[in-house]
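We call the chains A, B and C, going by the order they appear; numbering starts again at 1 in every chain.
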Amino acid sequence: MNDIVEGLWQAARLVITLDPGLAEITLRSLQVTLTATVIASVLGLPMGAWIAVNRFRLRRFAIAILNALMGLPPVVVGLIVYVLLSRSGPFGVFGLLFTPTAMIIAQVIIITPIIASISHQAIRELWADYHDLLISLHATRAQRIKTLLWDGRRALMTAALAGFGRAIGEVGAIMIVGGNIDHATRVLTTAIALETGKGDFGLALALGFVLIALAIAVNLALHMLSGTERGSRW
Amino acid sequence: MVSAILPLVLEDVELRRQGKRILGPVSLTLEGEGITVVMGPNGAGKTSLLRAMHGLERINRGRAVWQGGAEEVRARQAFVFQTPVLMRRSVLDCIAYPLILDGVERKMARARAETAASQVGLDVTLTAPASVLSGGERQKMALARALIRAPEVLLLDEPCANLDLHSTAEIERVLIAARDRGTRIVMSTHNVGQARRLADDILFLFDGRLIETGSGDAFFAGPETPEAMAHINGDLLP
Amino acid sequence: MMFKTAFAALSALWLATAAGAEELKMAVTTSFANSGLAEVLLPEIQKDTGIEVQLLVVGTGQALKLGEAGDVDAVLVHAKAAEEAFVEAGHATHRREIMYNDFIVVGPAGDPAGAKAAGSASEAFALIEEAQAPFVSRGDDSGTHKAELKIWASAGIEPAGDWYKAVGQGMGAALNTAAGMDAYIFADRASWLNFDNKAGLDLLFEGDPALFNQYAYLPVNPEKHAHVKADAAKALEDWLVSDKAKGLIEGYQIGGQQLFHFNAEAM
């Protein structure tokens, strides 16, 4: 209990004094995870919509794979990415291991199935609602997808945010592929793991609170942005 | 003016769902001008027939044939569903949506949607989300959306089911005006009075079969089948 | 649009990692990183040589694997036999001893096994086994773990049983576990001094030469991995054995205690 109070205190102190170390790893956390979220959304949202709207032979199979990938342990993803990016691996020539890019790659792999699966769910419901109308109005396939993505944007944003939430708090994979290098690949979660390892629970907790605050802030910011964009409510 | 995609010919159309025959075999020809009213008790197959005409239902036997190419046939008809489909958009954008699909510029589409809304007597804040509309307002919105492409054939499935007397009269005026402009209308209704007022022709369905057809006047003067007789007299069928 | 943003963000990150000083990746052990010495040395290295040393903090086993795969440019570890095998296999050009620190035996302040009174490290271990007192082992194939096993072997004991808990984690996590269970643990002095969560633990045994812990520097062989920064690795080695490094290493203290003893020899 004392540790928690101490942690909250320290978190407040770090934030108020704009601690440069904290600012650096917080910004890197944001940079890595936002980039990963954008890329995963670009891949996952249309993928989810496509699976929802199209009937194809392996549809059930694709959905099952997607759901299974959602539960993929990040450590396994980290290991696979590590082996692929290692100098002695197939993509070793790019020298990406232990860089933020490697962390982004791992996070994209972890959250794309989540975003695709949630958006599939959302789009499928919307498609059930819209099906007759869109067929009746003779909308082309592209027009259908576009309409569904646009009208489902709230749910899709939720999907993207779920992906963001998963990625920002993830530590197993990025620890492996990023290496937690100070000033290069250290982010909030790996710093927390490090401080915990040093037995500095106060600082670890403080960083944890900053992480929670950051996740909440990003959620609020996005909801506010999309709220002011149009005054409607769905 | 007679629509180029007519006549529509149904040849022994039959719909089966889950091993059960829900419609047919139905054979009919739809041509000329006017309003055809589809009548029949609940579950008789009115919705199924209209949807089959529109090409929304898989036909198990027989066929429904329009004139002209598939593109043209689709583009020149519109459908108003028994339960209006609400898009997660503003009322105005819901109505304008078919024009947006046609590539009409957004501003222009919205202006025309506003006109269409006032034509059907939809007197609400058009910038509000469509989800706030009342049941009757939703039906008016759906009608405005169907009319906005100026279809040659308009299919309506109980368009006045949730409307009060005033709104019903308003919609009937809109439909008559559309008919007078040459739009071929096929609609279903449970409102015998409305059928009397609007029907140039009647299709009477019972248990999935088309058991009586004819001009509206003849039908209401003296239906040939006891089922139709009971239906228009409001008797409870055996 | 989204694609563009994503691409821009990604390329910005690329540039951020590509630009700047010359970077050198060095795998080091947890015990070295936890000592805090790196924070003193790295800024000076950057100032003097322009090299930005990026530390990958891992166990000795993984550090050597990283060197073998060519994922780092140099390795700084403390496991002599493994290091010599590493050089033998051609993964590093050579092995250069830099400094040493020492291991200690930590345990519950009450010392139920009486390890404090032991005459040697192996005797202390034997007493712990005799008392069946809980003992936390790193169990992660790290240099510290290997040193621990060597002492068990010299005591003629095959550690096993309920009292012996191999956690398979780093020094900090293992210390946390020991603190939580009031158990004995074999640790490096630096990690112990820097550890904040000591709880009921105390330093019980130290000073046996068998506990000395030699650190050596191994530059990865550029003949095996053409991309390694051999020149920077050489410059770093020269700096590490310099008089300046000696002063900084010998002068580094925690709680008034000197941690490392410089013992690099001129080549």
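Throughout what follows, a residue touches a chain if its C-beta (ideal position, glycine included) is under 8 Å from a C-beta of that chain, and two chains touch if they have at least 3 such contacts.
The model shown is predicted, which means the values in this text are computed figures rather than measured ones.
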item: Pair of chains joined by the greatest number of C-beta pairs in contact; value: A-C
item: Remotest chain, chain B as reference, centres from CA atoms; value: C
item: Centre-most chain [mean C-alpha coordinates]; value: A
item: Rounded Å distance, chain A centre to chain B centre (Cα mean); value: 47
item: Chain B and chain C: spacing of chain centres that average the CA atoms, whole Å; value: 80
item: Centre-of-Cα separation between chain C and chain A, whole angstrom; value: 33
item: Partner chain B, residues of chain A touching it in the complex; value: 126, 129-130, 132-133, 135-139, 143, 147, 151-152, 154, 232-234
item: Residue numbers on chain C that touch chain A, as the complex places them; value: 2-3, 5-6, 9-10, 13-14, 16-17, 23, 25, 30, 34, 52, 54-57, 68-71, 170-173, 175-176, 179, 194-198, 225, 227
item: Touch list for chain A against partner chain C, complex; value: 31-32, 34-35, 38-39, 41-42, 86-89, 92, 95, 97-101, 104, 179-184, 194, 196-202
item: Parts of chain B lying in touch with chain A, wherever the complex brings them together; value: 54, 56, 71, 74-75, 78-79, 81, 85-90, 97-98, 101, 128-129, 131
